[in-house]
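Two complexes, one shared chain (chain A), two partners (chain B, chain C).
Right, the complex of A and B next:
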């Protein structure tokens, strides 16, 4: 290998990695900056912006909303998704219908988030339903379901049927086979899908932007509206906390299931 | 190969039956999807065929295509469609080049380094969209890190405006979509026997020839799914254009927000939603069809 090529390759790799990491590193450095503006290089080390972010009721209130909303959407969306995955993978139906059902259940991934939000806003307003929590929950369940279906379907398709047959031969009832054999085997996949759905819901801005009202906002939207009028490092502090939380969640999924399965086709 | 060896042994018992679950298990989810996604989107598309009237969101009025004529007759409106298309195309093109390079870096990395490289490549996805965008604002702002560095080095005399331009939107989009592209290409690369490019190099093929004649053709499926995913994500992205392109970013999605949240002309906004959906479907099907044609000769 010629030395010039190696040098060129190393420089290219370094530049690409810098591009990928730059905004994340910048956020973390600014978050511990003592000054009142995001200056670079920072004017000394301080954690005061973390205190400021945590003392801001707009952030803490909306963070609570986002957590409850994501938990609610995951709690409703996971059983819906798992049941549908069972039906699609094992139900008796023509294969054309199976493909159509699978495509329909994955369609929320294709429809732009902003379209989901607008469509829900218009229909629910027409129906006279204007409660922000109802709108947000419906929209976020829609975000969670495809991820649960994706992982559950993959796990069901690679499920070894002889496990269930063995349980059947040994005299287990259908309910017992489901709760003691099938579901425990699928648990990591279901869990990973639910965890991913939770993160997607927690991070969403495009669907929620039309569904919040003046008294109920989610964390990403609260940060976005704060950003329009302020540029102080408390946004960097809250962003760093979000980075830490998402990273922890992602590492958790990686341990349980493997991250790559979600991101490929 | 002796075929008799691989033939299944004669079965004494009936074939094990495939475990069945009732198909109606899909019904609760399906009902939810129909009432929360399909019907609302259909309703919105129908609404686009009613005369424009700010504030009105009911179905009254005659059916008309006036809203569509209005969109396509005024440059201010249809330019959002054009801008969405070229910004997305440019984003997809840059993402393809960078994502392909990253996939090659992962593919050729030693097993010890591979985990770290994958983590770095996936890092943009692991970070909240708002945090990521704020990071870019720090980097690219008028008094941001990049401008200060360029000023400090004496390369420029006054700060160049990057934020709130189409360039900033493209940078932000490429950054977050590059992991998808890299993973899609990697999936195809991993199916290639590393001995094939090695053999080609032994026979004197240049690196460029190996890339162009061996790796590129064999990664068409991965590249195609990457292009599809990135283009449709670009067209439908809202947060990045809204924050990095400024209020007048002039993309279809930010224009949709304006119509529904500011102007309150929902029926005209419905036209934009319909066009966005049509565009997404068109792009998805055409890229997939193209890839199918390019890989069709493999199965012969």
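Right, the complex of A and C next:
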């Protein structure tokens, strides 16, 4: 390959990274702005907006809601997703039905969040479920499940069935095979799916906006509503903290499972 | 150790016209190393899985030391199995892998650790007990799989083409190792392979299978030295098949009449096979039985040269002998050592 082409390719890669990451970097720079408005370049360095963001009960309360909600949805959605993946991968059924089930269970990944939100609002209201926590939990379980199914299914499909047969011939019961061999082997995949699901739930605005009520709000929605009336760098500060949390989650997935394995399937 | 008896075992997979295992009966004597040999799809692995309890026969019974185990769960048969993929548990260390079967039997920690240490010593892997399988070489993984199967002191050790993924040199080392271990411990073993050399090396008894049925069963010497069917003969590396006729005392083929081999059971039409390695060529008529032909090809292969001879009948035979100086185009006589001629029903 000619050196010019290599140079061109590297420049292109650099430009793409800059395009993807520059806004995030800008948010972080703005968040340490000493001035009263989110300006670029910043007017001096200060962490005062971090203090302001953390002192704002609208943010802290909704952040707690988002954390508890994401944890709850992940705790409920993960076993459901794993069970569904087992059903899809191993259930005795014609291959057409298997494909249909897989597509159906994974559809929340493709259907726009706003559509899911409206659909849930209509359905849950018709069913008489008006409690915001209940509605949010149900909605977020729906967000988490397909991520867990996706990683678990990929791992199950590449699972060597002779591992289970080996355990069986060594005297293990079905329950022991599941708890001592199958689930431990699938564990990294399950964890990766759960971690993804947690992040998706924590970041979600499109579905949640249809399910909250006046006293219960999630962090992304609190940020949106704050921005309608205020325009100060505390938004940038809270966003920077979200970036940090998301990055930590992504690093966690990379460490236990490998992002490529998840995204590449 | 136990004796295992298969009686009329039959297994047909859904969607298949012909049974994978078709009326198979055999006995694996206590302490014997028995190999199921055949091409892929011959039913050898299906038979082995039925003995292991991983697959249920449609018909027939399975006995271990006289006890019917046809419907006994694999978990309760007390078998040790080495899988083709080895199936080592990737999330466990070598020691944990080996200890698994003992743990499932509810054995206490100290006894378990002693047995695991002994099993790892037998396969010479004691120093790698704390490693995970992915940190081991192919041969080491093989040994772990063997130790895991042996440590439970199985009634029968079952091995499903365990060496097929290894390169030739390592495979030979592992064969010798397996031979040593099974003979030292007096283990009853059932081995599956498609490699005739491997079967000859390891076995006390070989069962040749074809299309779900037993083609021939016997010691390595019997199978190699006296194949009873063309399939077995071909599988054991025989070639040069010639149509023949046999009567009470004589065998005639290609215009030649010789003494009838003792092992031949057929009457009338039969087939003669000449082992290429047991043939020799000369330009003059040798003493005893010989066929004359026209030398068509001589391919030098180092230790031997492959000569192709056209017989007057138009059939061709191949002789593999040390270079004898004959050139293509010459007339040549081919003769054979007594063990090189085999005859069986057509």
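By definition in this document, the second predicted complex is superposed on the first by the 245 of 265 C-alpha atoms of A that agree within 3 Å, B and C clash if a C-alpha of one lies under 4 Å from a C-alpha of the other, contacts with A are read in each partner's own complex, and residues count from 1 in each chain.
By definition in this document, a residue touches a chain if its C-beta (ideal position, glycine included) is under 8 Å from a C-beta of that chain, and two chains touch if they have at least 3 such contacts.
Note that the structure is a prediction, hence the values are computed from the model and not measured.
K.L.:
With both complexes superposed on chain A, which partner does A:99 reach: first (chain B), second (chain C), both or neither?
P.N.:
neither
K.L.:
In the overlaid three-chain picture, which partner chain does A:90 touch, first (chain B) or second (chain C), both, or neither?
P.N.:
first
K.L.:
Does chain B (first) or chain C (second) touch A:116, or do both, or does neither?
P.N.:
The first partner, chain B, only.
K.L.:
Please work out whether A:220 is in contact with chain B alone, chain C alone, both, or neither, and reply first, second, both or neither.
P.N.:
In the superposed model, A:220 contacts chain B only, not chain C.
K.L.:
Return first, second, both or neither, reflecting whether A:51 touches chain B, chain C, both chains, or no partner chain.
P.N.:
Touch status of A:51: no partner.
K.L.:
Of the partners chain B and chain C, which touch A:165 in the superposed model: first, second, both, neither?
P.N.:
In the superposition, A:165 touches chain B and chain C alike.
K.L.:
Going by the touch definition up top, name the partner, chain B or chain C, that contacts more of chain A.
P.N.:
Between chain B and chain C, the winner on chain A residue contacts is B.
K.L.:
On chain A, what residues does chain B touch that chain C touches as well?
P.N.:
162, 165
K.L.:
Under the touch definition given earlier, write down the residues of chain A that touch chain C in their complex.
P.N.:
My answer: residues 160, 162-163, 165-173, 176, 180-181, 184-185, 187.
K.L.:
Flag every residue of chain C that touches chain A in the complex, lowest number first.
P.N.:
Contacts found on chain C: 52-54, 73-81, 83-85, 87, 89-91, 100-101, 104-105, 148, 152, 158.
K.L.:
Over in the complex, which chain B residues touch chain A? Could you list them?
P.N.:
16, 18-30, 32-33, 36-41, 43-44, 47, 57-58, 98, 101-102, 105, 118, 120-139, 144-145, 148, 175, 178-180, 183-184, 187, 207, 225, 229, 232, 235-236, 238-239, 242-243, 253, 256-257, 260-261, 266, 269-270, 273, 276-277, 280-281, 284
K.L.:
Any idea which chain A residues touch chain B in the complex?
P.N.:
Contact set of chain A toward chain B: 5, 12-13, 16-17, 19-27, 30, 38, 40, 80-81, 83-84, 86-93, 101, 104-105, 107-108, 110-116, 118-123, 125-126, 138-139, 141-142, 145, 149, 161-162, 164-165, 203, 205-206, 209-210, 220, 223-224, 227, 231, 235-236, 239-240, 242-243, 246-247, 250, 259-260, 263-265.
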